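First comes the structure, then the notes that go with it.
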Amino acid sequence: MHTVPLKLVTIVAEPVLEEQLTALLHRLGARGHTVTDSRGAGSRGMRASDPPGGGVRIEVVVGPDVADRILAHVAEHYFPTYAVIAFVSIVEVVRGEKYV
Amino acid sequence: MHTVPLKLVTIVAEPVLEEQLTALLHRLGARGHTVTDSRGAGSRGMRASDPPGGGVRIEVVVGPDVADRILAHVAEHYFPTYAVIAFVSIVEVVRGEKYV
Amino acid sequence: MHTVPLKLVTIVAEPVLEEQLTALLHRLGARGHTVTDSRGAGSRGMRASDPPGGGVRIEVVVGPDVADRILAHVAEHYFPTYAVIAFVSIVEVVRGEKYV
């Protein structure tokens, strides 16, 4: 099976940020996104004493440049203020041109 | 910790396909699956004008041959007709013989 | 974008184990966790004849030593008795010092 490597960017954030973050991801170049509801505790920026709370887990499959732009934007504009985490992994996809 | 590398295949699709896809995954060699409900927009095959909609995110941990078979089948039989995305990453597991 | 490689550990288990497992993950060194509700079948330890059931999908981003400790503990104490699966992948994060 011929596949191409792309980046899977996962962002976990407060539910109130879902609309803003998905709009941002598309503006930075994502062609689609998947959101699942989550809960958790201790995310970056939360105090250890915070109670576990609801969250959203947002995923996009994008090219490496878009992944970099997303990480840079989220680190600069969200990490200082919000309980947001973001991580990137390599995924293989079929027909990669659909994602970039 | 001794681990072995396997493949994590993630498929995001319309909820109506859940039963059909999980049955397919088992038929192609998966020994288990995990499904989470999701929502999203802009997935492969969707028009950009489509409203965000509910989805299911299906995961299986399998050997490389099964992963290839799944990707090939999904690309041939689902990509032309459905808003389905599929991606594969490498994961390390303990006691890998349970998955293949 | 400067990133550092860490480990994403994903554990899928019966819902009754959520509190116990998240407490364990923090005790073993995780600084945060994300839980999503799932459903599935055929997980490690389940009999093929078991009906699909609800589950929880727990994720932590941790350093390699903590990831090893988690896998070892889960394999020793949970695999023999419970329908638990665990897998680890490499993720890139910004400001990795927050996770370890």
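Read from first to last, the chains carry the letters A, B and C; within each, the first residue is number 1.
The criterion applied here is as follows: contacts are C-beta pairs under 8 Å (C-beta built on N, C-alpha and C of every residue); 3 or more make two chains touch, one makes a residue touch a chain.
This one's a predicted model, so the numbers in the text were calculated from it and none came from an experiment.
Chain adjacency by touch: line, ring, star, complete or other shape?
Shape = complete; every chain linked to every other.
For the two copies chain A and chain B, what rotation in degrees overlays their C-alpha atoms? Round to the nearest 5.
Result for this pair is 120 degrees.
Could you give the separation in Å between the centres of chain B and chain C, each centre being the mean of its C-alpha atoms?
Centres of chain B and chain C (C-alpha means) sit 19 Å apart.
Got the chain B residues that touch at least 2 other chains?
36-37, 89-90
In their shared complex, at which residues does chain A touch chain B?
Listed in rising order, the residues are 1, 3, 6, 8, 22, 26, 30-37, 61, 89-95, 98-99.
Give every residue of chain B touching chain A within the complex, in rising order.
10, 12, 36-44, 46, 55, 57, 68, 71-72, 74-75, 79, 85-90
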